[in-house]
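One structure is given below, represented as structure tokens, and several questions about it will come after.
Here the chain labels run A, B, C and D in written order, and each chain numbers its own residues starting at 1.
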């Protein structure tokens, strides 16, 4: 059995030669992610980031991904990607992910995309925590904030 | 490390409780594959089949996926899917795949999609082997045909 | 202003040289629908069919696409596509659509995909009408059935 | 015939109440672009930008989109999107596009996404002009640079 995809914790990331990244997602490029230039299309990176981010969000307890009132609806407010070097069919990549800045109901995550330890892309996402009906901000859960500070070294801004 | 995706051979498939399927691909449902009905969108199954099929094609030696003249260009001529039961976010599925009928330059594959041993979908694809410029048929390689007969129990039709 | 996408009624379809098809959707191939073989990927056709089908469903009044109890949840049970000839970047295509057979809570639609009057693909979808919670069948609305019989020449099966 | 998608020139954009944008692409949200939050998924915006950008690139003569040596291979180096307000199923949107800064073999484009004149998103892309083999930079064609200066008011940087 050839294993290709996995969620990686801090120990796995260290072993993969990626210290400083406490969370990652490993996978292999699919044919459906390629475009006629024969490399991964730029839009596919956003789906990779999404997959890694949702794994992170559930692992750190930011939401239970349910529609209950206690769970925030988390939406993307900003997305940035720098494409450093093309990624090709069949290449095995790691999306590394960490939170850098936390405000009471939003935060900034940064990404690195690596193939064999070589950085191929960087990214940044701003996400916002809303009530289920989307009309108001819902503050992050303190225990999730604690994990992001402890594991990721995230800085807090605007908390009292 | 939580393992989420893998290529499965006949022994792996037996262990997964899926005898009679010599090849499979295991993966977990991504958020990007869902639609507003909160289940995997019907189009996503075709990308799953494609990923499994390309793994199969390379494993069995039908093509090297290059643009060299010796390698056929393999195109999809027909695609059928029966959606038996919805597949949900985070579910781990196996796409099982085998060739049932082989003609000199085309063949029929069938698929089963399973979650915890329960069948959620079936599928069938007809693929055709063409020259690189797409203008003529290119016969399958005898050693690849041999593997499909031996491993999958595929029937041949129209060979002399 | 160069027009690229449109919903077509029976008169438009006649004018486009496609008699017998009372409904269609016209669009132009996007770069994001291509794969490394430089033609439209086989999975993209299912999204085209979906776009045309949802337009049809709303036009014929099969559902209002809401989550109210009176509206059925319509799911795809079977999907077939025959790829006759590749479709290329920038080509303008028409997805023609009609219902051929109607049962009390399911129906069969057929599709033709045309470029400059030349047929490039055919398709067939079986859809099923369910209650909003997905647990029971919900019969089609009589006025929608009437429109499918009158406009499409659909045959009914199993009605009392 | 209900018209939904089109390439818009400066006169069309003025008429649409979007002065200062010399180029745009109008379309309607497809079901396949939605995610379980019932709005357009963040990755879909990159495909919209791509569609508009390729239309722009061909219209302004930056490349003929061929594989000939005279045509550059244009790749995305950076992508930024700000999601201001969700976009919903069936909404008709305009992607407005203009070049703001041009270097000899790269440039910066900015986007606005509008629904009924209301801005829903902004974006920025850096693209780079490469030789067909991807190993070297290929300078922009002077006539294309001239059009971007004249029509878009683009600033040039680093030209001699």
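The definition used in the following text is that a contact is a pair of C-beta atoms (placed from the backbone, for glycine too) under 8 Å apart; a residue touches a chain by one contact, two chains touch by 3 or more.
Please read these numbers as outputs of a predicted model, since none were measured by experiment.
Across the two interfaces under comparison, A-C and A-D, the one joined by more C-beta contacts turns out to be A-D.
Rounded to whole angstrom, the centroid-to-centroid distance between chain C and chain D, based on C-alpha atoms, equals 30 Å.
For the pair chain A and chain C, the distance between mean C-alpha positions equals 37 Å. Centre-to-centre separation of chain A and chain D, using mean CA positions: 26 Å.
The set of chain B residues touching two or more other chains comprises 31-32, 43, 47, 50, 89.
A complete topology is adopted by the chain contact network, contact being made between every pair of chains. If you check the complex, the residues on chain A that touch chain B are 1-9, 12, 27-28, 30-32, 47, 50-51, 54, 65, 89.
Here chain A touches chain D in the complex through residues 37, 42-44, 46-47, 50, 73, 75-83, 86, 134, going by the rule given at the top. Residues of chain B that touch chain D in their complex: 31-32, 34-36, 38, 41, 43, 89.
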